[in-house]
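Here come two complexes built around subunit A, the first alongside subunit B, the second alongside subunit C.
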Partner chain A sequence: MIDLRSIKSKVMVATISILAMLPFIPIAHLFFTVVANGIYAISQNFPGFFYMERSIPGSGVIGGVGPYIVGTAILVSIATLIGVPLSILIAIYASEFIQSRLTNAGDVIITTLFEFPTIIIGLMTFALISVLNDAIRIYLLIDVELPKFSVLSGSIALTIVMLPFLYVQIKESLRSIPISIREAAYSLGLSRIKANFYIFLVYARGSIVTSILIAISKIMGETAPLLFTAFGSDFYTISDPGFLFKPIGSLTLAIYNLGLSPYEEWIATAWGAAFILLLMVLSLYIIARYIARGAYLR
Partner chain B sequence: MIMIKDLNVWYRDNKILDNINLDVPRNVILTIMGPSGSGKSTLLRAINRLIEIYPGVRVEGEIYVDGVNVFKARTEDVRRNIGMVFQIPNPIPNMSIFDNVALGPKLNKLVKSESELRDIVKWALEKAYLWDEVKDRLKEPAAKLSGGQQQRLCIARALAMRPKVILMDEPTSNLDPVATNRIEELMVELKKIVTVVLVTHNPAQAARVSDYVAFLYKGRLIEVGSSSQIFTSPKNELTEKYITGRIG
Partner chain C sequence: MARLIEHPLGIIMLLVISIVSVMIIFLIIQSIPILLYRGLEFLTTSSWNPVKEEYGILFALGGSVVVGLISVALGAVLSISLAVFVAEISPVRLRSIFVTLNDIGAAVPTVIYGLWGLIYLAPFLYDYVMAPLSTFLSSVLGVPSRPGTSIFTASILMAIMIVPFSSAIIREGLLSIPTHLREAIISIGATRWELIWIQIKMVKNYIIGGLLIGFGRAVGETVAVAMVVGNVIQPEFYKIFLPGYTVSSLIADQYQNAEAYTYMVSALFAASLFIFIVGLLANMVGLSMVKRR
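Up next, the complex of A and B:
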């Protein structure tokens, strides 16, 4: 005898499974489009794609994304060099002085920043530099102009993007350190500062390194905060000694600008850039997951 | 060696220790016994002021360790001169065996050179009966050791500070009988170089290792005496009930 109820339930389960997989279809499609177009573009100019500048439109030649890779690397490195130590310091303060007013106020400000659209963070950085310039002119009577469109302002914007995430993650890692480890540290006569830097950070290093890698992959993929800050450039600028104060390109800005251009060669270049970015972000993410797993095993 | 005078401790509004007076001579093992919640750990943590890392603690009274009033000295200095071993072995799991022992001397700048540090780590591990088992794997993370080995590592970590006093809070309560036995032998050996204050739940362990026994009940010190006296002719009825297993 055919069991109607069991057939009905099987049909339901199948329907639900198919529906549940639906959202993945566009994602998979997007993923394979980037991979296919990206690999095709890169294969047209290999290995030049990785170090050459973009080509001349109409030339039929696909150039490269060298300056954008360098730009992303520089922006992300500076942001990380500022953002990581800063968020570690703030997180240590917040985990040590849980009750203090400064912690509460800082916590509110930083977690609000977490929710900010990143384009606003770019605008804020832009505005911040204008304010700084006015302040320098008015109070110090020096007529220097900090450039709004520069490596520096781009890095600052990315720092502000990564800071709240890192702060929240590191603070949680530190707060979840078991009391037995705290007792171990303090029973050795360590000051709070030494206990934090030499013991608690070491104890939590697995989860902290994971957070740092995820934060890096996050800012690597940001375009919005760079629009009003790093601004973009299509050429190598690092040979210029003052390059920190000049605009710089990035992979994300290149994908945005070249991808919207009418030229076939540039659009192909944008696909290649997207593929490279995807690879970088994915590999960071995979390393982060791997370390996180190890951290739980200890 | 340790002199406790009129010690009172509160957690917020709860009085945990009530007017404790206790003297511990040099190079002995004094065991604090008592039922759960009687304040044994609190008393132990008052001696090295570790209790102050908990919020809401208030302490009154005086404690002298080697002639120094601990409440007048810097907390860091007090803790540096008093080693402590805990109920759950607590090495830093992702730090190497070597680094766990080297931590104290290194961070407190007690050594002048790498070779001096290596010597002191070796000495401490030998004293803790662990050297032979770990000498070829000093770089491995401490998490790889067994529970008993981890506890001996913690003893070595405490010894590496060259303390005069070691506080042990139920150091064997999470270990199997073999590991417990090793630690008990070790304690007896250690009293040649330090004064040991041991907390235990286990009257049999107290009888095996201690020179003196203090019985704590509901925050009050009921009786103190030599081990033989407490176990053969306790003066207080509560003490007798406890060691014969009728309370606790």
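Up next, the complex of A and C:
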């Protein structure tokens, strides 16, 4: 006897399996093309690709991505140096004072920030600096302009991108510390700050380091918040003593601008940049997962 | 009455809260001039002519909504299938491999998706989907042009990009169903498909939540869309085979010369405020759908 129900079941399960494999095809193709085109571009100008500036279009020479690597490194380092301590401090407050009105307000505002498209975070940083400039001009009557397109505003934007993610993750890690550990720490007579820094942060270090690494890999791949802030530059600016107040390039901005250009040399450079960026992001991500696994086994 | 700040650390919390709220307020302040200057026309007309200081973003808002809807519709089928496959069909030993592949897809920077979409996806879709279909659908969907950048291409790329996110959330839901419920369903003689279908209905809230996050990402995504959408002011944004704009790609494409015109910065700010409102509305509709059941 033909069992319609079991036939239907088999057909549906097969359909789902095929549909489930479909999303992996474009992602596999993307990886293949980034690796193939990236390695090809880098091999055309081997060590030079990592430190030279972009080439002149039409010259047939593939330049390098040196300034962009430096830019990404500077922007991400400054954002991490501001963002990580800040989010650890507010996460400690939020995990210690769960009932506090300030914690509730922080939860609402910071999780709202989480939902903002990252382009809006770039615009918000731009707006903050514009309004501050107006305020300085009108109320202080001095002719000082904070630079809108600069390393600093780019780093602020990236800090704001990483802040909500880190806040939520670190707060959850701290809140999941067993009550027995908390009681033991406080029974030693430690102050809240000492208990958190000497014991709780150390206890939860695995998951906190994982969240920090994932946050860094996220902001490393961000482009949209840098459009209105770091703005982009194709040359080394670091030799300039005032470079913190000048626009700077990044790997992501370079992929966007060079990829959309009509010149073959620049598109090849964009592939090389994409390969380097993908390698950096994924190695951070894999280290993070490795640490996370170790933390659970501990 | 409890004090507002219980501990010196609270000062830092207060500082962060005030900076973020001040930034949100400044964003709104910056978008007021264009709304006073253009009024409702800013939303209801499709013109972008900085030289004449004429700004109307209907074409870009329409583009954003079309990209969001198509990519979520496609992404829904794929991400539910992927989540069901990982949670229910695949061998348990292979599960962690699929989960890792899925998460790596989510970790790839969006600008790399954009570069791949521009160089490979757009020409592919032009040759095998848009050109054949346009022979008899060109009056409805428009006539595609050679590089293949279009609103349709952007929608497909966004569908590829949101599947890892949506399916991760749906998968969480499926894996959180207690084993005794699954055993109960199997014990009354359900086939595999009936077991899956009952579980899909049980995690409806996760599905809606995952798809809303996908919609938010599709509407808010900037550079990947800006690279494949074509960046052409196209009042007929529903003709998806034509190049167009979304709000975010408009901002990404126009920011470099924004400061040269009186109202353009304000227009870009107001546009970004409206995509945030679109996202908020989608969230509210989604939440009310969850509550009604």
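Here, the second predicted complex is superposed on the first by the 282 of 298 C-alpha atoms of A that agree within 3 Å, B and C clash if a C-alpha of one lies under 4 Å from a C-alpha of the other, contacts with A are read in each partner's own complex, and residues count from 1 in each chain.
Just so it is clear, contacts are C-beta pairs under 8 Å (C-beta built on N, C-alpha and C of every residue); 3 or more make two chains touch, one makes a residue touch a chain.
Computed from a predicted model, the values in this text were never measured in an experiment.
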Quick check on the superposed pair: does A:F245 touch subunit B, subunit C, both, or neither? Answer first, second, both or neither.
neither
Count the residues of subunit A touched by subunit B and by subunit C, then name the partner with the higher count.
C
Is A:Y236 in contact with subunit B, with subunit C, with both, or with neither (first, second, both, neither)?
neither
Under the stated touch criterion, which partner chain does A:E183 make contact with: subunit B (first), subunit C (second), both, or neither?
first
Output check: A:Y263 vs subunit B and subunit C. Expected answer is one of first, second, both, neither. What do you get?
neither
Tell me the contact category for A:V202 with respect to subunit B and subunit C: first, second, both or neither.
first
Quick check on the superposed pair: does A:F50 touch subunit B, subunit C, both, or neither? Answer first, second, both or neither.
neither
Taking the superposition on A as described, I'd like to know which of subunit B and subunit C A:L22 touches: first, second, both or neither.
second
Doubly contacted residues of subunit A, that is, touched by subunit B and again by subunit C:
none
Note: in the complex, subunit C contacts subunit A through residues 2, 4-7, 9-10, 12-14, 16-17, 19-24, 26-27, 29-30, 77-79, 81-82, 84-86, 89, 100-101, 103-105, 107-116, 118-121, 160, 163-164, 167, 191-194, 196, 216, 219-223, 226-227, 248, 251-252, 255, 268-269, 272, 275-276, 279, 283
In the complex, the residues of subunit B that touch subunit A are 48, 50, 53, 75-84, 86, 88, 90-95, 103-104, 107-108, 141, 143, 154, 157-158, 161
Within their complex, state which residues of subunit A touch subunit B.
180-184, 186-191, 194, 198-199, 202-203, 205-206, 298
Give the list of subunit A residues in touch with subunit C in this complex.
5-6, 8-10, 12-13, 15-17, 19-24, 26-27, 29-30, 33-34, 86, 89-90, 92-94, 96-97, 99-103, 105-106, 109-110, 112-113, 115-120, 123-125, 127-128, 130-131, 160, 163, 192-193, 217, 220-224, 227-228, 252, 255-256, 259-260, 267, 270-271, 274, 277-278, 281-282, 285, 289
